Amino acid sequence: MVVPVAYYLVLSAILFSIGVGAFLIRRNIITVFMSIELMLNAVNLTFVAFAHQWHRVSGQIFVFFVMVVAAAEAAVGLAIIISIFRARETLNVDNVNLMKL
Amino acid sequence: MLNETTLTLTILFPAAAALVVALLPSRGRVIQWFTLIASLIFFLLTLQFPAHFTYGQQGFQFEVNRDWIASPNIRYHIGLDGISLWLVALTGFLAPLGVLASWKAIDHHAKEFYFLFLLQQTAMVGVFVALDMFLYYAFWELTLVPMAILIAMFGRERGVQAALKFFVYTFLPSALLLVAILFLYARTGTFDFVQLQAMVSHGGSLFSERALYWAALGFLVAFAVKVPVFPLHGWLGDTFSEAPTAMAMVVAGKLGLYSILRFNLGLFPVQARQLAPWMIALAVIGILYGALVALVQRDMKRLAAYATLSGLSFCVLGIFCFAVSGVDGALYQTINEGIIGGALLILLGILYERYGTYEIAAYGGLAAHMPLFATLFVIVSLALIGLPMLNGFVGEFLILSGSFAGHTGWVAAATVGVILSAAYMLSLVQKVFYGGQSEMVREQPRPDLNFRENVTVWSMAVLMLVMGLASPVWTRAIDGAVVKLVQPASQAAIPCVLGPTPCVAVQQ
Amino acid sequence: MYLVLFILFGGLCVAGALNLLLQRHPINSALSLVVVMTSLAVLYLLLGAEFLAAAQVIVYSGAIMVLFVFVIMLLNAGEEERTFGSKAAYIVGFPGVAALICTLTIVFLSARHLGETRLGDSLVSVHDLSLVLFRDLLLPFEVTSVLILIAILGAVALARKES
Amino acid sequence: MMQIETGAQVPQVYRILPEVLLTITGVLIMLVEPLMPRGASRKPMGVLALLGSLAALFASFWQMGLPPGTAYYGVVQTDAFSVFFHVLITSIIVVSILVSLDTFDRKTENTGEFYALAVLGAVGMCIMSSAVELLLVFIGLEISSISTYIMAGFRKRSGKSPESALKYFLLGSFATAFFLYGIALTFGATGTTNISQIAALFRQSETPAFGYVAMTMILIGLGFKVSAAPFHIWTPDVYEGAPSPVVGLMSTAPKAAAFAVLLRIAYGAYPWLHAHWFLLIWLMAAISMTVGNLGALSQQNVKRMLAYSSIAHGGYLLVAFTALSREGIAAATFYTATYAATNVGIFAIVSHAGGYEERLNSITDYRGLAYRSPLLGGALALFLLSLIGIPFTAGFFGKFYVFAAALDSGVVWLTIFGLVNSGIAAFYYLRLLTSVYSKPMTEAQLATIPALKPSLLAALFVTVTATLILGIFPGRTLALARAGAATYAVSGSSTSVGTANFSLR
Amino acid sequence: MNGDPSLHLWLIPILPFIGFLLNGLVGRRLPKGLVSTIALIFTAAPLAMVALIAARFSSLTLPHVERLAAPWSSGSWILTSAFRVDFSFLLDPLTLVMLLVVTGVGFLIHLYSVGYMAEEEGYWRYFAYLNLFMFFMLTLVLAENFLLMFVGWEGVGLASYLLIGFYFMRSSAADAGKKAFVVNRIGDFGFLLAMFLLIGHFGSLSFSQVFPAIAAHPEWQGGFLTAIALLLLLGATGKSAQIPLYVWLPDAMEGPTPVSALIHAATMVTAGVYMIVRTHVLFDRSPFALGVVAIIGAATAFFAATIGIVQTDIKRVLAYSTVSQLGYMFLACGAAAYSAAIFHLVTHAFFKGLLFLAAGSVIHALGGEQDLRKMGGLRKATPITFWTMTAAVFAIAGLPPFAGFFSKDAILYESFLSPTAGPILWFVGLVTALLTAFYMFRLWYLAFFGERRELAEESHGHHAGGVHESPWIMLLPLVLLAVLSLTGGWIGIPEALGGSDHFAHFLEPVIAGQPHSSVEVTKQAAAEGSSVPQETAAARTPGKPARNTNQERLFSVVSVLMALIGWFFADLFYRRKPGLPEQMAERARALYLVLKNKYWIDEIYARFIVIPLLFISRYILWGAVDTGMIDGGGYLVAGSARGFGALVRRVQSGNIRSYAGWLALGAAALLLITYFGFVTHL
């Protein structure tokens, strides 16, 4: 009972793409932000899969760092969302289009 | 007295003066006087070169060749030869006149004006003396900037549009020029004109025929716009009508024509001959077209623009017929056009200062009020239409006579331009100065020329006469350089040299 | 058994992700994301990354997602409105996504020299991890502090109400 | 990129001295700032930041004397290349702080944080340019990105600034995910994330396809950061909304760092894939130039116009990448400096003229600026000319060098395309330029332009001087850029991989 | 060039130029007396020089060539390594004749002008221009090469332009000046092309190199020489107002009358004739060109004379008469009778100058009235004017022993001898002689006989008495010219009439032998064999009939008869039956209108050349090409760039999701390129 590493990779690709798709579909800024988190998680899976493939720890270390980065981004991102909510009273991305052309 | 730094000094002097202008207080006419003195000194500096020129010596004189940038291999290489000698002096000559012409016309922001004006002088001299392609291109582009800004700042009505048009028109083709220069550099590893010349003519393996042809075309298009040559003259009318006099005087002609001579003939003799039929045709069309369109203009400045197109096309014709006399004449005519066109524009500017319009129909019978002005205008018109004893004739005659043998039909057609030029210039003179006085002229009598204006235009008029009578003073240096330029690939029969017994080539 | 686990949790991942995509209420999306993350932690375990799996649950599901939920609640975000501000997202975006998924899948599946995974295969101990983390990658680890500093700073600066 | 063994042992901390100094400054500001009374001027913080970044600048210069080498287990490397970018980035920070000193003061309560963010962000950018470990690159990239996300949203009271931050943040993170995916695939293809080992290991990779995809993903991520088309789309909106001093910063420093990373990865990690990334970058360059210039053509908003211009300039810079030669690397490096000198200067003027409230938006608002203040007008003219590429300015020589390098390698069509594009570009710069020099419609509009402050004068002095020096006497800088480029050639020739394939065309 | 001491020929033109400069630059501030003194001195001085040269003429080696050693490089005017032109002057009998005419008549007319122009405002300007004219005319005459001749050629045109437009406030005057210049330019176009051809074939423009070169190559016939000759002819028709370029001369009468006398009668308009004679070497080699010259001459002579019949403006009558007389000279040239042409040129200068001056005196007397119909009965009021005018009318009508008789006679006879269509040319000339006599006597009768038909407006306030004789300074030149009109012809009385034909012999060194050379060539060619077909050779130079003394005398009688017939009709129409002309006009209304309207030539030129040209320029070249295509093309390019720009900006919708969509698409595109371009090739 073995699973090829490639399956993990495909799984991560699917998750990544769903993340991209969610970014395109969802209107709520927070959900959009969550879809980015999903993409990062998909990449993390790739890292772990390759770490397993190469038997190298550094792949897993990468995931730690990505977690840190994601946390930092979450803090900043949510702060930005709060600030835009204060300025615009909306969380709909479609309404955030003051600047165009 | 004349060491190798003089040429560098001549280039840098106006720029340095420009910096001083930027620091001077804008009080009274301090800036004007300073610029006038600076431009006179500049003129004297440029006169050093004809005074110390060694005739009959091949190659460049007053040469400076220093390291500038190690890699890419760019050098500070400047020098003069017979082609550029008098053009530099012409630049110097027109500088103080430009200041005088702007004395009153520029009534606001004199500091900006004279700063850019002086910068423009540096750029123009730089173009004429640069022997490193990079340096040349740098100066070439630099000439555009003060011009465009001044047009925008001091334009009559649509200065901004005219400035944009001028800039884009001339800047876009110089992109092609840069490509061509870079291409040459890529193949030869040098920007040095002298080395390039040798490599292009001997380095058969370095270049393919096609590549050289395209490179030459790239050069030519950029220059042709600047001259301008017939279908590329779209910018000229607007620029002439909007630009301040001192700038319009120097915008067309000499830079482009010099560059064609120096690079298209000097660097690509073979390709220039391949392109020649096209250029000859365009030149002849330009001569006739410019003259005919000038005939029906209602605005003096536009008339001047089309007259300039027509006049400069003569130079193009002369250059691309590759006869020694023709090319001599073309270069001589380039200088003439600088003076005549400059004088014409100064006169128009004077008129505009007094009446505030260039509309021909608004004028009439002006000669009664302003006889001196009328006299000068007629003299300049006569020079422009090529009356013998004035400079325009010598140039035109040399061009046409030199080129006639090789391109009889085209030159004969071009000669028709001689008739047309008389027609449009004299019509202008007649409508403006003669006949009954128009309402505007009758109701607003304006003073005749004052001392400053007299000095400005008379100095040019006298020069026209002197250049019409003593052309060898100028053509001597020109001829020395042109013979070398035309010789290399000139298989076409040059009319026989003069000897005790005329040699005769009977055709048929 | 291993395959079953993979399919089970892989499927859970995909289902969670799709649910995130389809739910119109942000809370539902957030909970779906928690499901994805937790399933991923199981997959990490399957790949031998024990410590990582724990960290995934604690940091991601525990901390980050709680933050998300907190903000959703704070801003009182309700069900999103149906707005149609963007046609481009569908017209150009979806072909893009489709191409993306196809290309990546084909590339991954056609790679011939990839290995296979078994249960309990190449477990990574904390010791191994810390050796790399605190020696070879010491500098990145330290630099991360700057990152966190900035994040704090930014969050404070942006979220503070201007008087 | 091979491991450069340090002959003389240098204390490791020397290798990251500028970063350390910047970090210390940032932390100091954060510590001191809360102690200052509310509502008091935060200028001392600015001065502190200025001093810190100046110290970092000198440290970067000082690093020039160090023998090239790596530190901390081979994750950072100081060489001529990294030093060049360190100097550039710290200089940009210095000038940007000078510009914001008066623009930001007392306008927002977060001024102190702004200085800290700028300085700490610079740490990330510096690290990006010296890191040879992709993990560190990623961390650096995030530091620089996050700090700019935040700074973009600093004018909270205006509607545009948070929107700008949001757009930048969401799309930036989106692109970062791609970049990260690229790193993951690189790791998958080679088993390492150390740039100096990738090139060698990739030769033995059993899954080279991952390498290709990885390079593409990295290009996507970095393409976004340098706003290269087709990933440029965020640029105009973000530039318009962000505070002007921040735009001056974010259009230069993070971009320079991202270009440094792109150079390192393309030439250092994936030289074997040059045929691949050559094609992609060729396309990106061509599209960037066109999109940037055409988009700017009829743009009325000055900041948006400059944003499009920045896209176009990214395109010019990418042309240098396609040269695939040492000259190309040097040209790209040099170009970042010339563009930075000009663009920081131009945004300094825009910041000053518009003030914190950004009163001047459209091109017509700038009418008569030269009459109101000849100095501002003159400097703006110079910068615009530099952007057009008029000789004796930095912009000209940068462009000249880039295209020379490209043509030297036989990239003819892209060169022609680029030069024609630069001709078209002249049009919109000139629109602003002529506007600046034409008579103002109303005096009132310009009366709001504040008097020149010493800090702005200093900033203008630095940028004008840099613009002219780089245009007239580029020799020194050029030599440095070439030395930086030489680090790649060294690695190419001495590693086992050999350079036959990568040999310069 | 030769052993003679320098005659300082260059001073002859330069002196009037100095006068021009003095008057032109400071004349405005000088009193009128000083202005005229300067002008007269600088005209008299060359006259004196010419007289001195004429006095020692026999002792000179001819031709005498002098090069002005200008102090600048090499003393040349134009100098390139392929070509040079010097300021060199030539003195030979032809030049001397022309110099004498120009300086002599010129001086007299200057004198006359002092009186005539006394009350004009631009007095100084007038004399400056007149001196300028003298400078250019003398340059033209003295020039030793084509180009210097061209200087004079264009220069006199300029002076003419300025003087015609002297009353510049009058639009018609300014218009006429412009017309004169532009039409002359058309001729100059031919001259220029001729010079280009000369340079192409000879490498030089110097007479002393071109002509010997032709002489040295007797085998050159026709071909390029015909081309050169015809182009020169085009130039000559412009300057000498021949068909088709004569249209400017009648209009040129807008200028002051002395100007018409000097420039448009005596000197400048004869430059074309002088030029043909000077370059006769070329024409001699081209029978075709000579034929064209003769036909143009004859046609013009007749054509202008017919118009002259019905003109009512006294100066216009004289103008058409001038055109007609110039036609005679061309006819003579065409018949290769160069000395006859020059002879007529000289006598014409006398009597036509006189006619104009006398007409000026009449106009002066009538306070500016020029309409013949309003004149009459001036015989009593202005006796001196009448008698001098009479001399001139007799001279032009060709009545012996007045000057015109001898010169016209010579022309008619020579044209009869002309190889191409001689008798026809002769007949046309003869009819023209009749017409000439008719219209001149018509003028004479209308102006001086009968009663004054209408009083002129009292324009001259202080001449309250109206008609008055002119002051002595105007009458003196009249008298002198009258004497010359009477006696001027005696220098060239042909042998047939008992004279010795001094004039022709004097000119012989210049034009000798040329007509024969072509005959010799034909002989040579014939002798050499069949290479030249006999017919062609014969057609080219049919032998001229030998001179026949009796025939010549007979012809003289016939021409005198013709003149008398003309006189008779004039007498009939305008003295005895004054109503007759109107009846005639009624009866032959069409013919009258044609003549009255000058064959509508001006209108035809306007309708078919000027208006279409302006139309094309304005609407096609400027409207369609310049504004439409060139500017429009620019705008099109700019517009399409903006259009693409708008497309680029459309993408910038401001919506984050759209942006992400584009990013995804871009990413996908790059990935697809990577996959299909590279990965599949692994």
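Worth a mention:
Labels for the chains are A, B, C, D and E, by order of writing; each one numbers its residues from 1.
Methods note: contacts are C-beta pairs under 8 Å (C-beta built on N, C-alpha and C of every residue); 3 or more make two chains touch, one makes a residue touch a chain.
Keep in mind that this is a model prediction, so the values were computed, not measured.
Shared contact partners of chain A and chain E, listed by label, are C, D. Counting steps between touching chains, the shortest path from chain A to chain C takes 1.
Closest chain to the protein centre (all Cα atoms averaged), using per-chain Cα means: B. Taking C-E and B-D together, the chain pair joined by more C-beta contacts is B-D. Chain centres here are means of the Cα atoms, and by that rule the chain farthest away from chain D is E. Put simply, the chain farthest from chain C by mean CA position is E.
A separation of 65 Å divides the Cα centre of chain A from that of chain B.
Centre-to-centre spacing of chain A and chain D amounts to 26 Å, using the average Cα coordinate of each chain.
Chain C and chain D have CA centres that are 30 Å apart.
Chain centres here are Cα averages; for chain B and chain E they lie 36 Å apart.
Multi-chain contact residues of chain B, defined as those touching 2 or more other chains: 168. Among the residues of chain C, those in touch with two or more other chains are 85-86, 89-90, 93-94, 96-97, 100, 103-104, 107, 111, 114, 136-137, 140, 144, 147, 150-151, 154, 156-158. Listed for chain E are residues 638, 649, 651-657, 660-662, 664-667, 669, 671, 674-675, 679, each touching two or more other chains. Pairs of chains meeting the touch criterion are A-C, A-D, A-E, B-D, B-E, C-D, C-E, D-E. Interface residues of chain D facing chain A in the complex, by the touch rule stated above, are 135, 138-139, 142, 146, 149-150, 153, 156-160, 162-167, 169-170, 173-174, 177, 180-181, 183-185, 187-188, 191-193, 236-237, 240-241, 304.
Note for the complex: chain A touches chain D at residues 9, 16, 19-20, 23, 29, 32-33, 36, 39-40, 42-43, 46-47, 49-51, 53-54, 56, 58-59, 61-62, 65-66, 69, 72-73, 76-77, 79-81, 83-84, 86-88, 93, 96, 98-101.
Considering their complex, residues 649-650, 652-657, 660-661, 664 of chain E touch chain A.
Taken together, the chain D residues at the contact with chain B in this complex read 327, 370-371, 374, 378, 381, 385, 388-392, 396, 400-401, 403-404, 407-408, 410, 412, 415-416, 419-420, 422-424, 426-427, 430-431, 433-435, 437-438, 474-475, 478-479, 482. The part of chain C that touches chain D in the complex is made up of residues 103-104, 107, 110-114, 135-140, 143-144, 146-147, 149-151, 153-154, 156-158, 160, 162-163.
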